[in-house]
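Quick one: the structure is below, questions incoming.
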């Protein structure tokens, strides 16, 4: 299905090579400050062609708000947003009608949907994530009003074999956006950039990890059993096409899972719960920073090197706002659930 | 929320120390063979006290089917199943009313729900997974009729630092159940058993990994965007209390994510798609074996060593049927979605 | 599907001639006062054999709460309730395995579900409404805490050709329960009783109308477009087996629909909005009493007069708590939605 | 919420005086013939200014398909459709910012949403039904492929005091559209037209009834308990702003509800089930024509007679395609549910 969320509900639409893509956000209450520029700014962080490490395709990605907002305030009605496709170049994709790309989902989608859109990747295209970023921008606007202390920041913590260790302190989006690879460590970012440009030159590609950290979460966000904070995050982030795995907790969690429980669970020196929980206990936020890592596959490469210029050798930098958006959508939905559950002491 | 699935919908209920636990399964069509013994057999694989490596608590876990089945066939109506609690020993937990257990979710649940059940872990208890196993047993019965070639088998592939490499060939449940640790490699299983008994002796605990492999999946299972096979698996498995991460693909996927795309995506020698996809491309099953790994934290340990006898030093062996159940629930739901989408060639 | 509601969610199960029937209520917050006696009292109002005008079947209908309640307070976890079947007499229904009852849904259910339960009406039996009454009792308990001024009272306003005009003032349940037919007008109630006993004697049956009035509703309850208060009430009440129609507004609404708009919409003498809206404008409660009428078919009669003793000639009196329950479930769900939508003035 | 349906899911958006309105339809399988002209034709039947009995506002209502369709075939992806507002004349509505219209929902919406859009009725405007007609057009396209024998036709069966008795034979849309009032009886239609023009002249308005009849339904459509065909129809049709009641069955059903059961349920002369069921038994379609009646209030009138020219004295003729659309959306959703339930004989 193309809808995510129960109370903060994002429905997405659009093919990469049809008239346009967009989203309808239902459940955002009235009186939230939201401008077209807010959404545009979020889209601009996902846009191709931002730097030399991303695809050269210059997708315009200009958003129009069709409903739900009046005089820069939400109305409590569905917010529909549309981005028209401009740089479609269907001709580039013409031969796809006959030929499946290796590493792509072309074959399985054709077997399932029979009538595959020959004009490009359709809904499996990375361009679909544009709708997610729109949903995330609205979620952030809501969270900004409801939980002003909240801060959600993602960054690239791994590209190929280059790994950034866990960050002790919060990182700002400005710090992240300061490097072309969205790695907040400038030295490592430079190495990552070199590696990506090298892959670009040889028509190769690179995977890695996006880490998202949320500070300022109230204690107790999440619903029992199947609505746990970590379950919804897994669903949200696991729905991103190129994601191969999700881990809650610090960069070295896999190593620490090998330790005995007494060491694994040991509280921090200051008595706060261990960072191994990634800020989640019993499925609910525990008041510590939420830390989530999304493992990304390298993009499937085109055998036709003539296309290499339009191909994105490493989607990690552009994936950062997409993962952030999915996290924000989950937090907005669970925030509304929290309001809907007036638990009393009895 | 306590319901999972859209078309094959499992609603769970029950506290670990109330009258009982159970599940209501809605959406299972009529005419599926299902006996009380089928469900009991599944529960017996999750039951404590099966071997010396698990907790000594002898939970009876006798299931009763309250509705939805007549003469060993489903009626197409909701299937309600109940397991009464017998070995509650609330007294053991009496002091919990006053004191939060370190590493447990006691504090965050109390802050959220105000009125925490002082009789035990309530819905955060591992005993809640019993309802999932009931749901999984019904899902398996449905899948057995609808996709007879399907086989879903999980095993313990890591305990603490002991790791089992990827299995080339399918493994049977009989092979898995042949060892106390549910590791299908007898030699490694013996090492795991020794490690767990050691932890039990010292009041310590161990985490690790459960791997699930599904053979015989049809191509194209999964729904677009937010209903991708991998997204629903992430939600399902990520909702299990002790899970810290989910990875689709082989045991060495994290290592292979460091490789450039040309190597990562290279087809197998026989032309079949790489195993790095874990059997999923574009979010849909690709006809290869589905492989999923669930990373488990070590259980939080009790500081009171007198309780050590009743404490489970390593839940991995008992988690195997729980992860399998969640996978089966996802597959049953997506199978019904597949039927509900009569895509034509146009 | 067997689940009603989004945030206050009632899942029902059970066949009339299986082990039992019940419901799981998810979404009720913690700290609501709820006792087994509260639920039992609601069930007793639906129970057969309460008076000479209802079926002589003495269904025990003893409820057990299996989860979600501790020391007479809800826990915020799912509340599961079970009523075991005791007076099944499957033999009475034995011949149904071969023969469809005229006026019953036997044929259409058999064509749809293939494997019809030969032990009785299964899920089409009126006995299914017992689960609704359980859900309604929990909804009422929640509403009592959240909106103390709220009062939901239903009564029989028509039996066959005997019609009670609109009530100007609120009616209490005590007044309603004072007569065997649950008609609050004693004189008309006596005529209704005579009519029903006459039908009982001749093996005939009678339909009519149940009216429900809700006082004390806050203004603005309801969600836009498809979640309108009246849309959810229509769904809820329209799902009751014997209901043939639903009208919001006073007993003479159909007559007043023939008037021109200037007369139809005329405000009351005291300036309050007209009663023709039934307390709903723009899909939301308008602060006036909510009035809803449910039109009931006469029950299908058994050709076999020997069964007449066990047959219910007029279900209207026993339908009153069922319609009330469905209304309460809608109000509880919309109340939680109201909390989940923090609309601000911007 | 602004979404209707579970498997065939229509999400609507747009304010009457914002940039535009539209719908996203999710769940329509691939390979269904669908053109922009199909949707436009449906919208044209709802459009104001079609005849002298409707409002003189000339809303352009030109639809654009933004996604989900390629070369006149659905892709199995979400179908987004947009109608831009052109004849907004917000000035006409300027004073609404300060003044609530009697008979309108202005006051209750303002109390609920705080920030009411002063540019017109927002989501309570009848213009919102445009999105429903889009959803209905896609539902019809799907049903045309899946159940070719199906025919869904609505007509005006009552305007003020003028009532059309039940139609024995099916009626075609061509017959219905042949009169300005969409009453298929030419003589009565002429009387209705005169009555409406008279109301228009005096600034008054009229209510009435829309009847919809569905021929060619397969037996067994509908889901148990809360997903009954009649429950979903009640929800769907009850969500239309001006609807005051819903009755399944013939025009004289209310009269026949006064009869004893033996007469009420009597089979027809040819042995077919009685028409009193409206084609529904046990909540499922019984193979007979489905007949549904929607009771409409007269529109609230504007006190300012200068606006009378732009005001619609009787929305019944234009409501016909809206009720048909809601019925088609229910049938499409239940059809997909039918496919998703492979009931076997066991």
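Observations, loosely collected:
A, B, C and D label the chains in the order they appear, each numbered from 1.
In this text, a residue touches a chain if its C-beta (ideal position, glycine included) is under 8 Å from a C-beta of that chain, and two chains touch if they have at least 3 such contacts.
Quantities reported herein were computed from a predicted structural model and do not represent experimental measurements.
Farthest chain from chain D, judged by C-alpha centroids: B. A count of C-beta contacts for the chain pairs A-C and A-D puts A-D on top. Averaging C-alpha coordinates per chain places the centre of chain A 46 Å away from that of chain C. Separation between the centroids of chain A and chain B, computed from CA atoms only, is 27 Å.
Work out the mean CA point of chain A and of chain D, and you get 39 Å between them. With touch defined as above, residues shared between interfaces to two or more other chains in chain B number as follows: 1-3, 6, 12, 27, 30-31, 73-74, 76-77, 113-115, 123, 224, 343-346.
Contacts between chains leave no pair untouched here, as each chain touches all the others. Within the complex formed with chain B, the residues of chain C that make contact are 1-3, 9, 11-15, 18-22, 24, 26-27, 30-31, 64-68, 70, 73-80, 82, 113-115, 117, 119, 122-123.
Interface of chain D with chain B (complex): residues 6-7, 27, 29-33, 73-74, 76-77, 145-146, 224, 336-337, 339-346. The touching residues of chain D, counted against chain C in their complex, run 1-4, 6, 12, 102-109, 111-115, 123-124, 128, 158, 160-161, 199, 203-209, 219-220, 222-228, 230-239, 241, 243-249, 253-254, 257-262, 264-265, 267, 276, 278, 281-287, 295-301, 313, 343-346.
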